[in-house]
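In what comes next, chain A is part of two complexes: it sits with chain B in the first one and with chain C in the second one.
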Partner chain A sequence: MAITERRGFRILKPAGNAAGQKRFVVAGLTPIMLYMIFFAILPMVWAVALGFFDYSPIRAGSGFLGLGGVNPFVGLDNYRAMFDDSQPARVFRMAVRNTAIFAALVLPINLLITLPLAAVVESVHDRFKRFFRAIYFMPTISSSVAVAVMWGYIFNPSQGLLNTLIKAVGLTPPKAWLTNPSAVYFGVPLAMIAVIIAYLWQDFGYNLVIFIAALQGIPSEIKDAAQVDGANAWQTFWKITVPLLKPTLLFVCVLTMLSSLQVFVIFDVMTNGGPRNQTTPLVMSIYENAFRYQNMGWAAAISMVLFIMILIITIIQFRFLRTDWEY
Partner chain B sequence: MTTLPRTASQPKKKFRLGRLFSQSGAYGILLVGLLVTLVPFIWMLLTSLKSSQEIIQIPPTFIPEKWTFESYRTIFSDPRVPLARFYLNSFFVAGSRVAITLFTSSLAGFIFAKYKFWGAKASFSFILMQLMIPFQVVMIPAYLILVKLHLVDSLWGLIIPSMVDAFGIFFMRQFIESLPNELIDAARIDGASEFGIYWRIILPQLGAAMATLGIFTFMGTWNDYLWPLVVITSHEKRTLPLLLTWYNSVHGTRYDLTMAASILVLLPIMVVYLMFQRWIVRGISMTGIK
Partner chain C sequence: MKSLRMILLILVIGSLMLVACGGDDAADTTDTGSSDTEVAAPAGEKVQLRLWSHQNAAFQEGNQAIIDKFMEENPNIEVTYETFEYDLFIQTLQTSMPAGTEADVLELFGTWVCSYAAGGRLLPMPKTVMSYEEAQQLFYQAPLDGYYCDGELYGLPQEFNLEVGGALMNPALFEAHGIAYPPEWNNFSEMIADAAQMSEYDGETMLRSGFNYVTSDGLGFALTAAILQQGASYFAEDGRHFNFESPESINAIQLLMDIAQKDNVVDPILFNDDSNWVGDSFFAGNVAIGFVGSWAAGEGLLNYPDMDFDYLQIPPYFGNENVFAADAGWGKVVSVNTKHPEEALKLAKFMAAEKANALVWNTSTATIPALKELVASPDELLAKAPFLESTFSLLPNGQYLGNLTDRDQLWYEIIYPHMLDAIQGNITAEEAAKNINTEANAMVDASQ
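Right after this comes the complex of A and B.
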């Protein structure tokens, strides 16, 4: 069919008909692209627009998408209101601060645990390596709600495991981990510290697995060569392993940052934002304003702040996530 | 790492970071990590096996004085907790999303990997752009769309907005690109239609990629909380994580019950994990999928 005779050779033309291929591409891709426009682009544009309106779904607006009329256009008012002295603005600023504190603490502590631990896991026998890796990853695949319910119990002041252990070694535990607004250490509320502990416990397995894979990818000849040149193990780790891990390290930093900016479940279940909004993260503030107070214009404006924070991190990732060398 | 005896020809083999701690030190650290990881799970399990009198003791016991399935019986016999219903809800949503995502991702991934057409690059970048839009940012309009579609408080409302996964398409394209073109050309010569090539030639080659993407979609959906919280309002339509928070709010200090309920929510995902552990670890190592 697609074979032509020419100068005695049998030449294979690209088989099939071009029209059929084109039909397939159009028929397969059009619904997917339309779907994406409807469920990804439209919501994004809509979210940006909502931020400029005083919109509540309980008022039936007159204009397009219910924007306008009783849901009036207010320009930058929602954004200006973020700097007000009103209660919602104060809660919003606390949410930004809480999210920043959370992300800023989670990232370094996570790296300090996972990178050395990955090196240790890497250093033991293969069979044990797989065993430990499998166990360490269990919290990560667990449902965040179950993890949060469990840690809520562990932090229970009288019946919880943690205070019982602290008492058992003869120390005085805090009277309340999750509910005391005046317990603040170095500017970080105790309830926040408790949630961070629970979050680190759940999340460390993910970065650990990535680091182990990256360490396995470093050829041992490079490290051996360094040692032949007289480097000790510590120097080898800092001067050889860590620089070679740079792309992975950056990737892990960005991912950890992004997921801690989007944190919600563990706060919602363990503290519900309390005490006194000391543990309200940005996403909770979006959720509460949009769906509890039905104040969606204001909530959309807050979501834009979150979006810009995430965008900055993503751009940094694209900027720096290039390597100039291979091994 | 190595079990070979150290000989003169490989004197430096063991001289690695492991040496810094020495092997026994390394195992010591790993065991501490093991305890920290497992004790909360064990505590949860043991608590669920205590009696309602025992859990209010101060100080609490670690190992149950009297082992009992009382808490599980209480949950199973609670008429407000038709467990089978909630499991079915979760399985229905997760199963549908896995099936649909695998189909759309592999189809679009195939097209982007193996066809040259006008606008291919632009449409692919368009899809990659979606990766930068976090769900929490578009959550409000997504909800308003569901209102217009009359899908609020419906399990379909959890499925329909996430039938196409930008990451899934990207992931599948990478995988399908590595399949030989000869496979496709041969099928065309045999007169296969383009969809036939996708369905009978490409799909059967995608086992590993499908397994990885499928498992992660399943786990993500199973553990999803925020979107169901927004969409679902009636009790009998709750998925398991929603059931658990509700149950927790009703039985706040009955830790025997809440821990048993947590175990019941965790159980299926733990089974999936133990069955597919290798795939999951490999998937993360290769792609950073989350």
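Right after this comes the complex of A and C.
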């Protein structure tokens, strides 16, 4: 490599010719590209294709890759069936609703907790900052199964910590947090609320750390200037800090929404989708249909719906939170 | 031009890899449905067979012992035994079968066998190996019929899966409530009266259930058994659709509702499949009588060796005869993709139909034998699993569940949710019956 100076910048120039660089790029990128083609893109294409077939892996179809014959092409029937009055269609629609409720509640509550908390943690002395950051981040690195089991015990109706505390202060606890289908508050089943509490407990540390890092990256001169102009702490936070966090907010919103839409483990362990499918998310519905009932075509069609949901929501988030500036 | 060449190169590599991945599909077409594709091992080399099962220490111990014996008696055959964690086993079967890479011999649950057979994934058992008539002499009808699909026998059962007719009993709770043990109930009402006595509450919260029967498996089997005990059938006249709206079906649902709502033997909000599951709550001491398959007693012996419990018959819901419908239990089947069908079938038959080997398997797994002969002389089996004795007199009353189209969907997605709804008091017995009937028949129609 030769180093040259141009307009004050140091530029690394390849010593060899352009063809050599191309060969290097091809040699470096082809293996990972092939890996992505075979283990990401082809499975995705396969899933799209399966959505148009009544495919079950336990049936040996007669056509290419087992598609056709006893695994017939059904066109858009799997998608049309989602609007039927059949039991699988009702469970699917309920799963869409559950997933939407979960994501719609988790994202704002998570932001409401993490953003102010990050500002508070950021304002304390460095020694305490590290301590709080470590404490709040701990649940994030815990296994989801362990978290779900622990919260299952906390919500236990007879021996659970929560009901014991509620009784201790003289109140009447719910009969069952996770299994009573009649317990619905503001249209949200109690079991869903319980799972959201557990999920937020585990997940909020991740966003908190990201917000703390972003807050540390905001130049203090900007805040100082606002204060010189007479802004109080609230105005500084709301009119200076929050807008400057927009790129981070976009990142956090997209990631939180993605993980909320794809949530599975905590539901599987805490409620197994019950009571009466009130906590069955889309991913669980995909898993159950694919591997329990062997309706791979139907499951693939559901996965396409989830994909489209995620795509639309992500595009909307990008539109609303995109910024064209940096500091 | 160079870019084009590079793209072509990538496409060629990709195509080669696809061909390599799909190589076994070509083998599929030649093998499917035929048993004359025996690939002879080169002279001096052993025939290599693979056997797959799910992971369960007791099952693995039983299978391995029989495989070792098989290899001793057949030095020209080497069997590799591979196991998978239960969920992974199902997924591996589903992904390996289209690729044709599954094992030669598979341990399958009988209820799944006809689905796999109808999909062309299993090898039918030639009459020269064993005819259905011969099998009928050897095996109980209920487990055997799970392996008999469209006039062909696909593998052989090893287990009589009994989910109904018996229950786990906690003698200490009987004694604590002054109830004679072992119980001598003349009818179902007498058992429910004792169970009600053993139920305990703290205010509105049930602490102990006298009789916990609210499970996704239990409710389906209780419903079908209760219908059969009234002399009716849960099948419609065409034998393919269902009739869950008959007066007998509504009676059965009402009975199962009443014992929760009037007799208070269980709180179905606190005790169900997702909360305080019967096996867990029984061994935690929170259930006096736990309605669950006898296999749970086997697991209890392993996991709770210090707990004193029994597995006893419970009275029929209606009438005097404990008639019931049963799933076919675990057994051995042969993949249609095997390159050594003769040896694979020989191994399956060796494991399931030979008395000494079946004894090893049922003793290891503490399961009810599908082989009649073992029940006729059960001393060795009972020494390991004494709780099985109470189930033996039930076995002749069992019939196979029949072609339920999709047993798992019917049980877990249709019967259980609506029955639970009814038992929890959200809908009437008539509404539950109607919902079950409508959805079950829609499932049948959708499959046609």
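Simple rule for what comes next: the second predicted complex is superposed on the first by the 285 of 327 C-alpha atoms of A that agree within 3 Å, B and C clash if a C-alpha of one lies under 4 Å from a C-alpha of the other, contacts with A are read in each partner's own complex, and residues count from 1 in each chain.
As a working rule, contacts are C-beta pairs under 8 Å (C-beta built on N, C-alpha and C of every residue); 3 or more make two chains touch, one makes a residue touch a chain.
Because the structure is a prediction, the values reported are computed rather than measured.
When both complexes are overlaid on chain A, chain B and chain C end up clashing with each other. When the two structures are aligned on the shared chain, A:R276 is found in touch with chain C, with no touch to chain B. By the touch criterion defined above, A:S182 lies against chain C but remains apart from chain B after alignment on the C-alpha atoms of chain A. Taking chain B and chain C in turn and counting the residues of chain A each one touches, the greater count comes from B. When the shared chain is aligned, chain B and chain C each come close enough to touch A:P57.
In the superposed model, A:S158 lies in contact with both chain B and chain C.
Of the two partner chains placed by the overlay, chain B and chain C both lie in contact with A:F291. In the superposed model, A:M138 makes contact with chain B only, not with chain C.
Common to the chain B and chain C contact sets on chain A are residues 22, 33, 38, 57, 65-66, 158, 291, 296. On the side of chain A, the complex with chain C involves touching residues 22, 26, 30, 33-34, 37-38, 56-60, 65-66, 70, 86-88, 91, 157-158, 175-176, 178-182, 271-272, 274-277, 291-294, 296. Residues 1-2, 12, 14-16, 20-25, 28-29, 32-33, 35-36, 38-40, 42-44, 46-47, 50, 57, 65-66, 117, 119-126, 128, 132-139, 141-146, 149-154, 156, 158-161, 164, 167, 201, 206, 209-210, 212-213, 220, 223-224, 227-228, 233-234, 236-237, 241, 251, 255, 258-259, 262, 264-265, 268-269, 283, 286-287, 290-291, 296, 299-300, 303-304, 306-307, 310-311, 314 of chain A are the ones that touch chain B when the two sit in their complex.
Across the complex, chain B meets chain A through its residues 1, 3, 12-13, 15-21, 23, 26-27, 29-30, 33-34, 36-41, 43-44, 47, 55-60, 62, 104, 107-108, 111, 115, 117, 123, 126-127, 130, 132-145, 147, 161-164, 166, 169, 185, 188-189, 191, 193-195, 198, 219, 222-223, 225-226, 229-230, 240-241, 244-245, 248, 255, 258-259, 261-262, 265-266, 269-270, 273, 277, 280-281, 284-286, 288, 290. Partner chain A is touched in their complex by these residues of chain C: 2, 6, 10, 13-14, 17, 22, 25, 28, 32, 87, 90-91, 93-95, 97-98, 112, 115-116, 118-121, 202, 204-207, 269-270, 272-275, 336, 406, 408-409, 412-414, 417, 420-421, 424, 426, 439, 442-443, 446.
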